[in-house]
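In what follows, chain A forms one complex with chain B and a second complex with chain C.
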Partner chain A sequence: MTTQATSAPAVARGRLRRVRLSGLAQYAGFVPALVLFGLFFVVPLALIVGYSFWETVDYNVVHHWTLDNYRYFFSVSTYVSTMWATIWVSVAATAATIAIAFPFTYWLVRYVPRSTQRLLLVLVILPFWTSYLLRVYSWLNILGDGGAINRFLMWAHITDHPLSFFLYDRPAVILVLVYLYFPFAVLTLYASLERFDWNQFKAAMDLGARPHTVITRILLPQMKAGITTAIIFVFIPVLGEYLAPQLVGGAQGVMIGNLIVNFFSGAQYTRGAAAALLVAALIVLLLIVFRRSLEVEDATRA
Partner chain B sequence: MSMTEGKLTRADLLKAGAAGAIGLTLARPAFARTIRIDGVTLNMLTWSDHYANDQLKAVSKTTQIQGRPTLFSDNADAYLKIKQTGGQFDIVSGDALWVPKYNKDGLTVSFPLSELSVSKQLYPIARNFPFWKDGSNYMGYPFSWSTVQIYYNPKYVTTKPNSWHALLDSKYKGKISLENIPTDVMAIAGRAIGAKEPYSMTSAQISQAKDFLKQLKPNVLKLASQNNEVVRALADGSAWIGITNLGTDDRVKDAGGPVVKTAYPKEGTIGFIDSEQIVKASKNQDSFFKFENAMQQAPFIAQNFITNGRPLFNEKAYKILVNTGHGDRARRQYYNKPENALKMTIKGPAGDEQAYVDAFNEVFGA
Partner chain C sequence: MRELEVVSQHRRLIRTFLGGWAVCVYVFLFAPIVLLVLFSFNANKYGTFPFTGWTTSWYGQVFGDYQIKDALSTSLRVAVEVTIISTVVGTAAAFPLVRSRLPFRSGVRIAFTLPIMIPGLLIGVSLLVLLTSTFHMQLSPQTAVIGQAIYTTPFVLLLVAARLQGFDPALERAASDLGANTFNRLRRVVLPLIMPAIFAGALFAFTLSLDEFIITLFLIGGHNTLPIYIYTQVKFGITPEVNALATLLLAASLVLIAIAFVLPAGVRRARVAVQARRS
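For the complex of A and B:
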């Protein structure tokens, strides 16, 4: 009896432990991501936040709490105007990227045989096999005074001297950004369009809808989440770009990332941290705005 | 197991993989130990023109010391990196008056120059820069020097620009290229407005320098991240004027570009004298001497001159250049006149770096 009496709670304890362990086990897959983001995202972010409220004195980061870095940023019109310039360049580049990527992906999914689709997708991501820097540099050889476009124009006798307006200004930055982020948009849109039931398309056409109506009333509403994701994937990294504007934008194509880099290369970590956080705040704000668009709705809902 | 039948189940594959991983894990310490005994890696925080990959390979072969470079552009950036990363770097390159700052702030250690037998190959003047002396020790190993001057394409720039103010002419709109180093660009502007100490300008002088840069901005084609971009812009004709280091004329020519000429502004200019320093927190300080003794040998330095164009302090390398038919080029770049290095305003920390960077950003922002 005594043995039975003591073994029953022991069994219950063992069962409880097993339940707890299995409860913990379901979080096991979460641990690597937690460690990774904790160490390499949250901690550095916390440091940047700290830096943004400190000050730099004679190349030393002094832990003296202040709002000066933020105050400075808003008190100088150059930063506000550079921020606006960055936003409009990012909007223009994102709009152009989606405008080119969407018809391409539509054609790819709807009209290209599945086996060829894979090949074309590989070709789309082919530039990723080379370095980012190389991809941007290659545009100097296309747009520059001695570049391919100018050589062609001179060969065709359209001009007798190199035209310099292709490079070192905002249009060049936008063009290169579209080239750089086109694959991101295509891959995201492809994942979304591939799941689309084209029978709906055919049914609507059978009922007399014009192609334009079918696209705007049936396809696009169901692609909303995919398009929003593509916009986020393009817009956010473009907002923080500094290398492309540095290489092809010249003195007139500066974006906010370039000014932040100047702060860091000039050892002004505290100013740089504040500016970087303001860009991050803008991104968070945009994600909140886009959040609703990412909620997938039932496409067949009346 | 069904291996004999030539089939491998998924479970077998996983077991084999796990066994292999365990085997490799067990074997790794012995393997790693071998590597550690045979070689040392020195982490260098430096500029791209301080080494060549072939040179690093050759030095690694003879000394068993591998140099691993990390690049920087602005001295201020390197200074703070060394300050914050401690012993993660073993060697740091630094310009002129930055060297005493590193030393005074306890980030680098000085050493007897005689510890490096290769120092006998240096011009005597390079062994006696007063600002690098620390008693009988030296704060860094002298490497190269250059003034920063105006290079112009005479095809488009018909009047020699003998003043920084000549660059404000609207006919040069979008035709000037210079390096994106805020402190140095501000110092050049300081020279233009007549500041005697362009790296320690007063607030009023900083304001004047900023006004000068505002006038210059429309003429700036590009703020280059690396010196070779200025060379490229001059070579392909997109820039008519470059504000850059000695030797650019030869590098433009080597790149297939036009003949470009030099102009020294009457207001004076800035320049650099750079060196290799030992990081105080480095655990490999002893290896510095063996490594630099190999890296600084005259044949490497002569090749460095041919590649990068600006003069260096190794006198023996100059003799090699003369003997191999590059004497004219070396003399044209003042390689044989190291005393010229002391005639310019040498680079150093800004009195108020934040004010310099702020002013620069306020001009060159959108």
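For the complex of A and C:
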């Protein structure tokens, strides 16, 4: 009996090995990807690191190691303040996104029948599959000088001239950032909340716990990984955001992404590289801090 | 008893509140898009409030504009090339990712998702430096193809890998036992099974390429794709013509994605139906 039980999987494994390719051949499929990502993803990023430590002499990049590009960045007060502003805008946008997405996802998982959950989830993700440019652009229709909000205020005689507070300022940037990355947050939170066993909820209530105690003591600790993943998925793209501050942020809403673009379009490659590397450094820092609770696989599978 | 009533009332209140919250979320998500579409049919020549009547003349202008025609043909050419590259590269890499005796499998998977996760801005500028300064290439739609493929390939890879993971290895073993060699197993068993995922991946890649903005902005040089064209127009303010073009692009994306979403599910349903009939 026991010998049969142990030998059956062994036979299966033996056959499986026959199906599998042997040796290096099994990795052959990686070759095109390694060429593509090696040559056009890893090498350029490494090159940017190099550039950030090289010197520009008479518009030519000289392979002479220096920290001048970083020193320059931190010597200009507008750049430094832009960097801090980028960080707090990213934190605010991420916090707002999670704060809006969490109750929504909770509602979706808890109160919506399973059969409709999928459809409602697809509806949330749908805007993500439309053009990123258009999603930013569509807000101009609402926030702009001649946009819906201002037109409405003027029509209602609350104001007689367009208010620019709704546009060309940081609140507008944060609003659009929340809009852009909301689907990421819902998707990751959903993947995590879907696995939660609601019987624990009932059990705790039966034992006399108040609803908010159940949420803070039972639900949230189990969702820590999901929430962290959501934070990372929103925070990283927001850090390098260029278009939203460009279109709805105006001069007040500049973020570090805009600085990077300005450097590169002004052919100041080494300085631009240093600024780009600061963004990369912030991302790496974030990943190191949160590396324990990353759930990338689950998020991508969802 | 009394307490229970209070609790259930409390719960109903929470439920109503969360339901309202969800409605607000959907309004937030779709209001800008719906307004964009409405404005594209608005006769008001400033492309915004108030509504002064329905018209389709902005669409007429879009179809008559040779700059838009030009941008559209560049967009399509780029998208086709990006789709071919990322489908081939992504599908090929999905096999060893799922099936080889790979050390650090989840690490490799995360590494392949990096191009999606890091800001497109970094991909754009770093490729710009490499292609222009190191390779001394002229910026063209071809350089944009390279940049976009970096971003779209991981999507195909993840989709096909998920499909490969989900399929029963016994099928291949059976084919092998019946004497099929590696090539025949691939052609007759594996490819037909993962075809819906490959096709969906290709559609995703095509759509992402059509809509891609930031990487393209750095790498396309003097040419325009549709999003780049819209961007150059937006700088001068909202126009109804751009609203119409945006609506068309939106519609195209949604149709393509709908097909990509429905396709694998449809195939699955067909297969279940076949199995049900057999048993």
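FYI, the second predicted complex is superposed on the first by the 239 of 302 C-alpha atoms of A that agree within 3 Å, B and C clash if a C-alpha of one lies under 4 Å from a C-alpha of the other, contacts with A are read in each partner's own complex, and residues count from 1 in each chain.
Here is the rule we use: a contact is a pair of C-beta atoms (placed from the backbone, for glycine too) under 8 Å apart; a residue touches a chain by one contact, two chains touch by 3 or more.
Note that this is a predicted model, so its numbers are computed, not measured.
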| item | value |
| --- | --- |
| First (chain B), second (chain C), both or neither touched by A:264 | both |
| Chain B versus chain C as contact partner of A:144, first or second or both or neither | both |
| Touching partner for A:221 - first (chain B), second (chain C), both, neither | neither |
| Chain B versus chain C as contact partner of A:122, first or second or both or neither | second |
| Touching partner for A:247 - first (chain B), second (chain C), both, neither | both |
| Greater chain A contact set [chain C / chain B] | C |
| First, second, both or neither for A:168, with chain B first and chain C second | first |
| Which of chain B and chain C A:130 touches, first, second, both or neither | second |
| Partner chain in contact with A:38 - chain B first, chain C second, else both or neither | neither |
| Contacts of A:82 with chain B and chain C, given as first, second, both or neither | first |
| Those residues of chain A which chain B touches in one complex and chain C touches in the other | 140, 144, 146-147, 247, 264, 269 |
| Footprint of chain A on chain C - complex, ascending | 10-11, 14-15, 18-19, 21-22, 25-26, 28-33, 35-36, 39, 46-50, 85, 88-90, 92-97, 99-102, 106, 109-110, 112-115, 117-123, 125-130, 133-134, 146-147, 149-150, 153, 157-158, 162, 169, 172-173, 176-177, 182, 185, 207, 210-214, 218, 227, 230-231, 234, 238, 242-243, 246, 249-250, 253-254, 257, 261 |
| Chain C-touching residues of chain A, taken from the complex the two chains share | 12, 15-16, 18-21, 26-33, 36-37, 40-41, 43-45, 47-48, 51, 61, 100, 103-104, 106-108, 110-111, 122-124, 126-127, 129-135, 137-142, 144, 146-148, 151-152, 155, 179, 182, 211, 233, 236-237, 239-243, 247, 257, 260-261, 264, 269, 272-273, 276, 279-280, 283, 294, 296-297, 300-301 |
| Chain B partner contacts - residues on chain A that touch it in the complex | 56, 58-60, 72, 76, 78-79, 81-82, 84-86, 140, 144-147, 162, 164, 167-168, 246-247, 250-252, 254-255, 259, 262-269, 271 |
| Residue ranges of chain B in contact with chain A within the complex | 72-74, 76-77, 79-80, 83, 174, 180-183, 217, 220-223, 225, 229, 232, 236-238, 349, 353-354, 356-358, 360-366 |
